[in-house]
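Written below as structure tokens is the structure these notes are about.
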Amino acid sequence: MLDIVIPIAFAMVSVALFLSLYRVIIGPELPDRILALDTLYINSIALLILLGLHLGSALYFEAALLIAVMGFVGTVALSKYLLRGDIME
Amino acid sequence: MEWLVAIVIGVMTSAGVYLTLRARTFPVVLGLTLLAYSANVFLFAMGRLTIGQPAVIDAAAAGYGDPLPQALVLTAIVIAFGMTAFLIVLALKARSELGNDHVDGLHRSHDEQETKQ
Amino acid sequence: MSLLAFNLPIVALLPFVGAALAAWASRFHRVASAWVSAGITVLALAFLAPAISIPFAGETLIQSWAWMPSIGLDFAFRLDGLALLFALLILVIGLLIIIYARYYLSTKDSMGRFFAYLMMFMGSMLGIVLSENLLQLVVFWELTSLSSFLLISYWQHRQDARHGARMALAITGAGGLALLGGVLLLGHVVGSYNLTDVLAAGDMIKNHELYLPILVLILLGVFTKSAQFPFHFWLPHAMAAPTPVSAYLHSATMVKAGIFLLARFFPALSGTPEWTWIVGTAGLLTFMIGAYTAMFKHDLKGLLAYSTISHLGLITLLFGFGTQMAAVAAIFHIINHATFKASLFMVAGIIDHETGTRDMRKLSGLLKYMPHTAVLAMIAAAAMAGVPLMNGFLSKEMFFEQAVFATETSAWAWAIPVLVTLAAIFSVAYSLRFIHDVFFNGEPKDLPKVPHEPPRFMKIPVDLLVVICLAVGILPMFTVAPILAVAVAGTLQATPPEYSLSIWHGFNLPLVMSMLALALGVGVYMIRERLYKLHDQILGRVDARVGYNALLNATLTLSLSVTRRFDKGSLQHASVWVIGAGLVAGVIGFMTVDAPLFGDRATLPIDAASLTAAIVLIAATIMTVLVHRQRFLSLISIGVVGLIIALGFVKFSAPDLALTQLSVEIVTIVMLLLALYFLPQITPKEVSKLRLGRDGVIAVITGIGVTLMTMAVLTRDFAPISEFFLENSVPGGGGTNVVNVILVDFRGIDTLAEIVVLALAGLGIYAMLEGMKLPARDRDAQGRLWNPDTHPAIMQTLTRLLLPLMLLVAVFIFLRGHNLPGGGFIAGLIASVALIVQYLANGIDWTSDRLKVDMHTVIAYGLLIGTGTGLVSIAIGFPFLTSTFEYLTWPVVGKFEVASAIAFDIGVFLVVVGATVLSLVQLGKLSRASHDYAAQQEKN
Amino acid sequence: MMLKRVLPHPILSFILWIAWLLLNNTVDPGHMVLGAILAIFIPWFTAAFWPEKIKVQKPAVLAKFFAVVLWDIMVANFAVAKLILGRNDKLQPGFFEVPLEITTPIGISILANTISLTPGTVSCDLSPDQTKLIIHALHIDDQAQMIADIKQRYERPLKEVFVPC
Amino acid sequence: MLEFILSLLILIGAFFTLVGSIGLYKLPDFYMRLHGPTKATTLGVGAILIASAVFFTVRGEGISLHELLVTVFLFITAPVSAHLMAKAALHIKTKRLERTQSSLSQE
Amino acid sequence: MMQLTAFPVLLPLVAGFILLFARMGGLKLQRALNLLITIGLIFVSIEMLKVASTGAQEVYLSGNWAAPFGIVFVLDRLSALMVFMTAILALGSLWYAIATNYDAKGSHFHVLFQLQVFGLNGAFMTGDLFNLFVFFEVMLLASYGLLLHGGGRLRTKAGLHYVVINMIGATLFLFAVGALYGATGTMNIADMANKVADAPAEYRGLIAAAGLLLLVVFGIKAAMFPLYLWLPTAYANTSAPVAALFAIMTKVGIYSIIRAHGTLFGDDAGDLAFYYAPWVLGLGIITLALAALGVLAARGLREQVAYLVLASVATLLIGVGIATPAAVSATVYYMVHSTLIAGGMFLLADIIARGRCDTDDRFESSPIMANGVLIGSAFMFGAVAMTGMPPLSGFFGKMLILGAALEHQWLAAVFAVVLIASLLSIVAMARSGSLLFYRTQPSEQAPGEPLNKSAFVAVVALFATAPIMIIFAHPITAYTDLIAAQVFDAASYIDAVLSAPATERK
């Protein structure tokens, strides 16, 4: 069953990836794009974990963890820039 | 798949080259970052592409990716990081010393407006 | 050891020692340097003396040592008749000049400098004439150019001196370089740079295909040095030098160096039509132009300068005839010219010295003020004019004879004697002018000084030379004959032909020419005023220097336009060239070898997820370009690119790379954001569409090139060395993560150097930011004031938890690195990001207050530990960075691995943290300084 | 007292210890020891970044709170999914303020996050005096009811758990 | 059975991930779009992570619960990022749908 | 295995962090330590010269991994000489920096300085292509810091250009080594040379392309046309001691071409044997022509010296491009001369600029400077040496290169350009010398600084190279001949590297 489910899930996440990309490109405003980037990060985690399930390898966990961490930091930094310009004052 | 990777490398190189040839420091930084990305992926691809075969010794592994380019790319990424960081700050330094962010330090009316703000 | 084994280099090098001594001696007494120089000259003569008999015995003395044997440059000296003649001329006339100069120079002139230069020059000349090795000869040749530059520019406050010196250097230096080229070719053809071999290989040289280039290059050296047409114009400008210098350079030495070379190479190069044509034509033209122009110079030294040019042309013409007899005449005239020209220059110097001017329009009737000098001048001038009983007559007679003889060589050669006579007429006229205008012709006008005889010792050198002129002219067989014979033998490298030195050869054509010249010369002098006017209207405006200046200016203009056009200080311009060069190199490289672009390795199928990721990446990349002017936006899109690359690394089995890429990406974006605050938010549109198009085309072509190159590799198989790493990672490196083992063990040096790069980046950034100030913006690009909430509370509270958690993750990634994806570098970046988050949430001050560690020290410890691990292995007798590992078993904890590579990795970790945080903190300080700065501006 | 010095933040230490074991996917004794060392060392090392003590009372209330929130997240998601997949023009978005009674920063933060994770609301801003949360709702039927729900379901338990010290 | 649960978890996860992005794609203003990724995507990825945990645990190499850590992390950070983005959007006065109600005291 | 082989790399590295620790101890401590270490480096390099002079090719297996798996350092005649030259130049530059207080004008001068030497020596010693890349980057980053040291408008601009161009260069480097790895599967130069020699025909286009790409990378460092645009401004605008130290930077490019291309595409490379050489030669000739025009067009002394450096590197490129043992021997001889003299000349230019006060180094007349005769004589000496006039070593170097060109079919072009370029340099230097020292005005402005005698010592020391290289031309050219012979015996290099055994573990 997983052989069918995982490709379907891949497809769905891929579509999600495209939709997020759409917002990155179209915006229209900066917060939209930051949000879309943030979503892309989280979508990527899904994609990675699916890949891990697909290949039966646990080696992708760290990457997923790091994407979560780095995605957050990126979003915070970008938002802070909109708020204050100076992100480390 | 090889074509896909090659095209991706090519596109990043194109973009990198184009931005590197811009007249302001910021796009140049972006351009060099993209160029570094493309060079890193290129170097990585030189070990040929393998899927599901990480270079971690494992009794169950069916095979391994080429670890050497990976190690080299890791080094290259770090070096590019150091270089980019330096360049970013240098761009600030140039802005501070030259009064604008043109790579040749030219004065343009736009800058003067910027500085007034 | 006999003196004859090494005296020649001493003779040549002594003057250089003398130069240093002279400069040094001037500290003690003003004239000390003159006596030192004279002493050194006498000493050099003494060292030469024992060898004099050798050429007279028909032998050649050679003293040689290996210097640069690989190229055939020996430290080699030679004394044959020709060398002896010139060495004696240089030393004897040099000695006289030194004595003369001691009285000539005024108290304002630096004696030390003058004599030092003069001695350098003397040494260089001796080096030329005594060289056996041609390369060594070129060395001394160029040294004469240099030292003459110094001598001519001796009165450096005078513009004409500076210009004259530079012109002389440029012309003679150019000739020297041509000579070098010619000599190298010559040596190449002969297979040796030693004169003995070259002179013996005349026929081979003349028949070689390189003969003409060799000849032309060497003659360029000769003609420039000897002021032959069309390079003659530097010589009059060199008259800005003090007169002793002119007397020395233009009688016996500098200009004679070229003549010497003609004589030296006579056996090797002469006798061909090319030789006759080039040398003869140059000589003839020079002879005529010099003689003619001398007539119209109102400056005494100017007259002498053109006269010198003319006589050099005469000698050159003689060599150009290419016959042995002509060579005899040439050598003879060299001697004669040296004597009478040196005396005339010295006379001119005396007149200048005692009257304060050299303008013949002011000078007149000096006979009664300085009769002794007048007599000397008259005799020397007569010699110059070729009046019988003077030495000049004899050699000129021989010259006329050769000119007549030359008519036999070709159909129209009848012109030669005619033209030669014409020139001789002018020679007589200017000689007459020198005497009549100065010593007779009424009373002097407005002289700056009251003229009187010079000091006794200033005249003694002239006395001596004039006596020689007379002695040779009257009794040639008892005076000049022996030295002339050996000199000719040395020149021809053969037994000299039969020639006669008697005064009377009967009534023949040469004598008719002489008489004609004398008579018509007087006539020309009579109508001089009319000629002056005519000359001023027509030829007086022709100045050979114009050509030189035009060439010089053209070169300057060219250099400016080429340099400013290529090196225009534009980064974009430079970048285009570099990128273009890379592109061209790749394409040309592929075309070097006839091989297919792609191989036939099987490729992997494309799956949907990869395709998706690739499309996202390409779209984001293109977006980055399209929106790059909106800088903040381009940061977001480049963030997407970085993310997908990381995913790609995961996909293609490189988790370590993915982790690294992710961490680096975020730190980079944070730094870019920090920087963007101080930069314009928008990149202005300031470039033409054309330029954008050009850049676009370059970019696309480069991209295509890289794609094809990638495919060229990926479609081919290869056998990498990586098998070894996979096999030895566990048994040899103690880790299952082969990538990490390569980094910390197999290729530890790479990693060590890489952390040095990071450390340097950190330190460099620190240094750059020190004291930097930039205006802090108080509103964003749209003109909105910033949000007053500096540190949003919710972020502050929750990110606090992140610090310990992320540090935990860092430790986790660090410890597993050796066996699973991770390692010191990634861990270091995670720890750095953990700290960055604190900076973001709580600000620089708050965080820095809590992080009391000096990051410099952290970096230093990192490097210490990284390097130290490697040094330990040296200490126990293994190469640097040899790793070791051990499995330990502890109670409770169980079995675990201790590897030196882990210590190494700690060093990596520390440097990464230190460098990253150091940079960020310093950037943060910039912001604080900027806010203070902004506040202060507000206040003012 | 000794314990205080070794474990300035026992809860944090506990969280780290658990996190370590989770990270390593193990209950291996070696890792338990190592995890304990880290759980002590890291809080000690980062103590400076934790200036104020967090006082947690009534852990049972906290546990119940988390259970409620988890449940709400599940439900919220189905609700939000329906709203998202439905027609845009049926949505009635809006901003409103929730006056706060809770005062501890940690409490406010957890409340704000909870609001963001649960039914159709995102906390957008905190008033400078930290007395009001500004909320955006994807769809508002009854604003007053929403505010009341938030205060009832989330603020009250949090207020009990996190008390100012 | 286990495979069924796994499949269900994966499908639910993928579904919510997609829903989040659909929300991001189709909703009319930023504030509304924010809701999709904040909740749906977070939950979706959480579900997939839990599926992964289950998968690797039952595969027999010992328990694999570290995916939980990522899930927890996401649940902590997602609302913080949402909060900051919304704050930024409010600050720069990002356009909102015209019919958006507002009962804010300061505007 | 001899541990000494690693010392030129390790000593500056250790110095790097020691100096970083010494930051606390103040400038005096850092100066003393740096001087001590630099002098130590000279002794180390002398030892290395001694070892190398036997003809030994000492191979150091870092990490005790045999080639091609680990990274090797190779000590042979050429690398020993490069290390020695670097140490000498470093001492001169350091001495000057201390004497003039340049090192106090910003942070971390001493650390950057030693790590620069670390990068340089690493590049000279390594036998691994990727490791060469890494050491290039070390060298570059250190040089970025040093270049900018002291700050200032023009310096910053020059630094920006320098950094960007070199970052593009780094990218090209990665593409080149990547492609070479993709074709040969190895990074060790010796091993790669074997693989290149054995490569089947269909791989050769790829290898050739990568090789030329690599040439572009080295060409940037070696300031080969059209890649040299970073050089004039960088050298002209950085501080004197840094410019002096940078004199070696261009030589890294030259060295790398000799080492990497010479080994990879040597006699055994079949149809790729020396295929790069015509490019080096042709571009070298163009570079020389443009450099000579630049010397003539320069607006100030520093810029002029920078172009003279460019001209000297171009001459070296010509030597490398002729690609015969005689040419390489000549190149090495001229390299030693031009590096050390250029270093001294940059220092002298600074002394002159200081002595002239307001007019700085611009070609305008200014009041007489203090000790004008001494400085003028030094200038004359330097000008003679740099323009390649006799009797100094520049002339002999040029002569050797021209001599080596005699057998080459491009003889005429080489002769014409080298000789005419010399002439233009001579004309230009005569002009600038006469402007700087002869055309002085009566002084009304405040005179410039008095001569810093201790700083001048560094100039004299570096200039001493010229007479030494003349007087000892016989042994020196004999040694450079041996260097060339060793360089051209790629097979023995390859054999030495690949057969070096790892140390047995007990």
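Here the chain labels run A, B, C, D, E and F in written order, and each chain numbers its own residues starting at 1.
The definition used in the following text is that contacts are C-beta pairs under 8 Å (C-beta built on N, C-alpha and C of every residue); 3 or more make two chains touch, one makes a residue touch a chain.
Keep in mind that this is a model prediction, so the values were computed, not measured.
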Longest centre-to-centre distance from chain C, chain (CA-based): D
Between chain E and chain F, centroid-to-centroid distance (C-alpha), Å: 58
Chain centre separation in whole Å, for chain E relative to chain C (CA means): 70
Distance between the centres, which are taken as Cα means, of chain F and chain B, whole angstrom: 28
Inter-centroid spacing, chain D versus chain A (mean Cα positions, whole Å): 23
Residues of chain C engaged with two or more neighbouring chains: 569, 571, 575, 579, 635, 651, 655, 674, 676, 706, 713-714, 718, 720-722, 725, 746-747, 750, 754, 757, 760-761, 764, 768, 777, 780, 787, 789, 792, 794-795, 798-799, 801, 805, 809, 820-821, 923
Sites on chain A at which at least two other chains make contact: 10, 17, 30, 34, 59, 65, 69, 76, 80, 82-83
Per-residue overlap in chain D, given as positions that touch at least 2 other chains: 19, 23-24, 112-113, 123
Pairs of chains in contact (touch as defined earlier), listed by label: A-B, A-C, A-E, B-C, B-F, C-D, C-E, C-F, D-E
Chain A residues within the chain E interface of the complex: 1-2, 5-6, 8-10, 12-13, 15-17, 19-20, 22-23, 29-32, 34-36, 38-39, 42-43, 45-46, 49-50, 52-53, 56, 58, 61, 64-65, 68-69, 72, 75-76, 79-80, 82-83
Contacting residues of chain E [partner chain A, same complex]: 3-4, 6-7, 10-11, 13-15, 17-18, 20-22, 24-25, 30, 33-34, 36-37, 41-42, 44-45, 48-49, 51-52, 55-56, 59, 64, 66-67, 69-70, 73-74, 77-78, 80-81, 84-89, 91-92, 94-95
Parts of chain B lying in touch with chain F, wherever the complex brings them together: 16, 20, 25, 28, 32, 35-36, 38-40, 42-43, 45-47, 68-69, 72, 75-76, 79-80, 82-83, 86-87, 90-91, 93-94, 97-98, 103-105
Touching residues on chain F, where the partner in the complex is chain B: 130, 133-134, 137, 140-141, 144, 148, 151-153, 156-157, 159-161, 163-164, 167-168, 170-171, 174-175, 177-179, 181-182, 187
Interface residues, chain C side, partner chain E - complex: 780, 782, 784, 787, 789, 792, 794-795, 798-799, 801, 805
